Amino acid sequence: MLKELRTVAQRFDQARRLRTLVGECQRLISERGSANSSSIATTLVQRFGKLDDAGRHDFFHVLARDFNPAPKAVLAAARNYAALPSAEHLLALSRTVESPRQELFRRINGAPGGTAAIVAMRRTLLAAMPANPQFAALESDLLHLLSSWFNPGFLQMQRVDWESPARLLELLIEHEAVHPIDGWQDLRRRLASDRRCFAFFHPQLPGEPLIFVEVALVREMPDQIAPLIAKEAATQSPEHFKIATFYSISNCQPGLRGVSLGNFLIKRVAEHLKREFPQLKTFCTLSPVPGFAKWLQKNDGPAVLGARLPAKAARLLEARDIAVRELPAMTDRARHLHAVASPAQDAMRRLCAAYLLYATEPGSGDAVARFHLDNGARLERINTLADSSPNGMKQSFGIMVNYLYDLQQIEENHEKYMRGRVSRSRTVAALI
Amino acid sequence: MLKELRTVAQRFDQARRLRTLVGECQRLISERGSANSSSIATTLVQRFGKLDDAGRHDFFHVLARDFNPAPKAVLAAARNYAALPSAEHLLALSRTVESPRQELFRRINGAPGGTAAIVAMRRTLLAAMPANPQFAALESDLLHLLSSWFNPGFLQMQRVDWESPARLLELLIEHEAVHPIDGWQDLRRRLASDRRCFAFFHPQLPGEPLIFVEVALVREMPDQIAPLIAKEAATQSPEHFKIATFYSISNCQPGLRGVSLGNFLIKRVAEHLKREFPQLKTFCTLSPVPGFAKWLQKNDGPAVLGARLPAKAARLLEARDIAVRELPAMTDRARHLHAVASPAQDAMRRLCAAYLLYATEPGSGDAVARFHLDNGARLERINTLADSSPNGMKQSFGIMVNYLYDLQQIEENHEKYMRGRVSRSRTVAALI
Amino acid sequence: MLKELRTVAQRFDQARRLRTLVGECQRLISERGSANSSSIATTLVQRFGKLDDAGRHDFFHVLARDFNPAPKAVLAAARNYAALPSAEHLLALSRTVESPRQELFRRINGAPGGTAAIVAMRRTLLAAMPANPQFAALESDLLHLLSSWFNPGFLQMQRVDWESPARLLELLIEHEAVHPIDGWQDLRRRLASDRRCFAFFHPQLPGEPLIFVEVALVREMPDQIAPLIAKEAATQSPEHFKIATFYSISNCQPGLRGVSLGNFLIKRVAEHLKREFPQLKTFCTLSPVPGFAKWLQKNDGPAVLGARLPAKAARLLEARDIAVRELPAMTDRARHLHAVASPAQDAMRRLCAAYLLYATEPGSGDAVARFHLDNGARLERINTLADSSPNGMKQSFGIMVNYLYDLQQIEENHEKYMRGRVSRSRTVAALI
Amino acid sequence: MLKELRTVAQRFDQARRLRTLVGECQRLISERGSANSSSIATTLVQRFGKLDDAGRHDFFHVLARDFNPAPKAVLAAARNYAALPSAEHLLALSRTVESPRQELFRRINGAPGGTAAIVAMRRTLLAAMPANPQFAALESDLLHLLSSWFNPGFLQMQRVDWESPARLLELLIEHEAVHPIDGWQDLRRRLASDRRCFAFFHPQLPGEPLIFVEVALVREMPDQIAPLIAKEAATQSPEHFKIATFYSISNCQPGLRGVSLGNFLIKRVAEHLKREFPQLKTFCTLSPVPGFAKWLQKNDGPAVLGARLPAKAARLLEARDIAVRELPAMTDRARHLHAVASPAQDAMRRLCAAYLLYATEPGSGDAVARFHLDNGARLERINTLADSSPNGMKQSFGIMVNYLYDLQQIEENHEKYMRGRVSRSRTVAALI
């Protein structure tokens, strides 16, 4: 009984807070508020920060419902513009169609800590999206604005190394998502003189990395991850740097999901390294294939693909049978097989090539492949026995892939990919 | 004959350049271009930089004509939204209505030097506007984006003093628009320890001041400009700082006209000074009244105003007659009259109060008054014999005005002003 | 046979190198060399860096033997000065008496990396001193110059915290000599907001800490080390900061031994903290007593002291007997005894007071005590059961001491100490 | 009468102040003071700063009289050392001979502002030297210490350009001693992209240039100063930089007179420019000959030199006669004569060569020549009609000289010069 009363009281309290917050929002975008917007926005940022998740959801509901353009006014403006597409009518149309919440977010962004508040807001919103499709337009407004504010011109690329503040390095350890960093000694090796790490920062989020990429400067295009991340590996001197390999890229800000960052970071790093080491000729990745095992086993991808591409069906099913038969042995002997080109490995390579060339399109298939192909990279080589970590064996039976970034070719490759064709090296083309 | 041929050849050349530039623009916003946008945008920025004014105008014509939303698609989307205002329909509507040139400008902004190029583009465009009303929507797109990118959250306020780079100080001398700076010794006095100068900078335009304000820290609210800008004035020590007077504010970037900067700068400076000198209680301006003489003499403002406000007509016309009669003598004797409260000065004060209180509304009347009143300042005092420079005598017969910034009152004052009522002190109210 | 030949060859090689090096030294201090001294000194620094320890010792022998002032010239100059102590004679005397190697070191110091080379040189020299008393004047010349170049005016104090470069923090972990730092998490706690760490740097050794001190900001004068260095201790907020406790001070440059650094660092930190937290009233240490166990047991210090101070002999020997009898039990039960004031602990306190008050003088007794007493600190409190680490139990049976830095008193305290009297609090005075 | 009383009172006051100051000095170097030296030194620096010139002179008298080594002790130590030149005896000797005031200055140097105070002290002292030869040893102690503290290793070379703080640039305008800077526009040209200015700074005197040099990057070795310092000269682009010409070097700190700065600055700048522009092959000066006119006319240098070098006497006197006869005409027509190689100009060149080659030795002759020759430069070319400014005509009839800095040759050239022989080019050698 008492507990119920307390819950009721809390609900009242929450409702009151929400009303206040929404009132501040309306004041902020009102004429009156414009003379004092920094100060109102500051208060608003603090109030939002104090809401719990339930409170934020309620707030999103209001934003999604009450801060939309007026349908009738929109229709009238569209009719005028359709009748006479003049500058005047276009201006009126644009003003009518823009959601009032866009102006709201712009004013919040002007307050100290405003940008961070909006990024945090979107983080919570994204988590709530699957259960709340009605937030889609609200979410789109935020993405639209954040893409404009975090455009590549405003991003500052900085090298991160052993001279960087410990606080920043700690964030790297926390956010590395591809090949976990096992403490400070591990990190130190990854920042040594034959490695590079670069991050994007934004002037409004000082000291907060948005995304970072780790690069190994090596002699040959690597076919295994272990030597690149071994803590005790000897450091190579610059005269041996021939190839820059991007072996890990990690986002640090979930609230910026969908804002294009990695694409620009890889290209800017490539240009930077080219200037620093003119002898570098090749820029490639050593990347996981996170969707391969699932495609092969759970979804019987080869059979599905075979049905779509009858000419390749027989070879695909044959390779699948070999691979599935040999898998237990491969897994057991992973560490001993490095030099052996067994038929099973050959079958694996073919299947993985089929997966990446024909089953990975904008919107479906392997997520890592999609990222690099969309960036304009080329599928260069498929390496078996490349990652014998438990996760590597589980997601792709140890396979890793090199994608090649040829800055002269990325535009063409990207266009091809948009038309449904994956750029590939001759070696990969020969596999299937 | 030869000359004509040359002109024809130049026109061909110009036309070819324009076609190339427009082609690059289309490529930049295409799918294909998205993989390589920084590089394309960089080229585009360079090409635009090489166009002469005529070429830029031709380019604006294309942007204003060919990069608009499609009227039919807009109408269809507006109908859907009017029928069912769902998130899905709103999303579709927003995408359809946004001009393709907005995406174009966002991508240009991502290139090195992109922000500067867009600011320069708008500067040229603004100069062409009066003769080309069809550029209005294009201009509005640029203003919309620049307002978002130069929002107060992204602006960095920095103090400018004698430790600042000479290159920056030279820009101050060049851009000071209110009380011209007469060389380095004059500037030096304005940066001494009882003066302050603050400027806004943007991370994308390093070293380029956007706007700056000059402040005098004084004992009493000043009623004349000369002591504030005298080169040889003795420097006051901090225990005498009671009042901060903003006596000059100048924009440095014509391409940012209409982007709200001064409003935020004044308030941020006030907060900064309050922290540095807790003894400062009053923040005011000493401002010119640039429209007064024109209103009084050329447009016979008192008569027009009298027609609108019959109750005040008699007194206005009487004051006008005194003022006009005494003007020649006042101008002659400007330097000797300081202590004298002549009937002419009294008449002047009344007329100026009438001008600022009743003839200055959002959109018309005195531009400086509009700026401060719109910011939420209060009309505090009208000072005759305050600026005896030729320009001061010409534009306002030597009158200057103090506006008061009371940070607790600005929101209310601004709202009042929006409703047509100017906040004024009792002293000013008593004048009329 | 072959091996012997090789050794002989190496010796020849070494001898040749040494001759070259000494030749360069003579060239550097010659008239001819003065026009090119930076370049010669640079070569010399590189040559010295390539010598092994044996080669450096040979080099020191030459420096100690061949770069001295000429005895006869010295005597003549001294006679002139004694006959007529004029400025002219004094000038001649000074020039004659200064070792030519001082000018040599000054010119080496002018080369890039010169200061670091001289510090490294002295490090090797100090290690060789015990076996080579003939190096004394050479060593003294180096100390003289280094004391002048590392004078407190040239030292830059910087705070070290979690924003500091990882490379610098790693050096702290390596050099902490009092309470070892157990990895990065331990270090992080020592740099939290209720701790401070300050280091001295020299402009010529950028990024190289010379000495650093660790400070805990606490409510009460601490009587145990464990709470100050516990990794998981809760962080206190500033309103509880009453006392700053210096709990560790470590040198990082063995080549600077004997150059006064710690003295200045402690006082500059105290002044800095006083400005940052005006509520701090007390500055003290929590220090080990590294010589106590040895004095008590190995050297039977109480008996020796008793012979010197007959009035105290009986009480000293009685306390010694209690202490020695109870020691095994104390050591065993160290962790359980915290609250108990046993007679053994009382005896210990008395003995330790006797040790620090009467057996610690400039030049003998406890090294840590000598450092703080010489700095002008006062012996404030003796804490038993303060450090139950193996090392703490071994060197002082767990006793630690608070020294108090009262900046108003240090000059007087130091003078007293120089006259053989240790400043002590009443509590300590009451012990014996 | 009253005035006399006041003077007496002032003298008493001054005497009292001096006693206090001297007392502080004794305290500072005492054992007691060592625990608190920073604090005492700080007071002392303030007290000294408040003394007027007369007070400082009195203070110097005390320092010069009462802070010397003890003659008898010195003699005893010298005897010991002469009897047995052991390390121990040398140590004792060094300690006895060093003036106590050296330790005093070292401790003052450790206080905040101490270095600046000592530099200021020496400035006053140098001005007092001519009338007070008894200050020689005191002055030598200061020079000795300042040379050690301002050794080239501790000096930081920084480029000064239009991005530098206005406060620093103002100091350049003030201290330029060779070719006065006529305001900010003149300065701006001297800092343009085909000019360089570098200054030495010391970490203890932040923002205070010690010395600066101005360099012109040009195509050919210049034979006139006017084009190098013309305000309106067009800026050359880097592909034309073949020769770096040092055309002005100025000291900013009179208190550092005699401390070698210019020598190191020129060489460090040359090395810096070589790295920045590998195409630069020649480093030379365009220098005045300040002593030439005086030597030629007032002192009849040719006759004196002819007496010393009979073989050259006839030609010298002949040249002198031509020169003296033509001088009035030369001066009149300076601006029209540029292309003409008149006999008068030829005679001038010969006389100037004689002056620099045979009448300029360490300690006598032309000061500028001595500086560059002592640095190891070579006399490269003698240019008539090179400086037609009033000062240039007056001191050297418009002649300027190029000295060549060949970093490979400076050591040998310097040594030659020390042996009395000036390095010269064939062209100069051919003149006489």
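Note that the chains are named A, B, C and D in the order they appear, and that numbering of residues resets to 1 at the start of each chain.
In the analysis below, a contact is a pair of C-beta atoms (placed from the backbone, for glycine too) under 8 Å apart; a residue touches a chain by one contact, two chains touch by 3 or more.
Since the structure is predicted, the reported quantities are computational estimates derived from the model, not experimental observations.
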**OP:** Let me have the rounded angstrom distance from the C-alpha centre of chain B over to the C-alpha centre of chain C, please.
**Re:** 63
**OP:** Could you please state the distance in Å, as a whole number, between where the Cα atoms of chain A are centred and where those of chain C are centred?
**Re:** 53
**OP:** With chain centres taken as the means of their Cα atoms, state the distance from chain C to chain D in Å.
**Re:** 41
Subject >> chain A: positions in contact with at least two other chains >> reply: none
Original post:
What pattern do the touching chains form: line, ring, star, complete or other?
Top reply: ring
Original post:
Pairs of chains that touch, anyone?
Top reply: A-B, A-C, B-D, C-D
**OP:** Would you mind writing out the residues of chain D in touch with chain C in their complex?
**Re:** 31-39, 64, 68-69, 71-72, 74-75, 77-79, 81-82, 85-88, 90-91, 93-94, 97-99, 106, 109-112, 114-115, 133-138, 140-141, 144-145, 147-149, 151-154, 156, 203-204, 263-264, 267-268, 374-376, 407, 410-411, 413-415, 418
Original post:
Which residues of chain C touch chain A in their complex?
Top reply: 162-167, 169-170, 183-184, 188
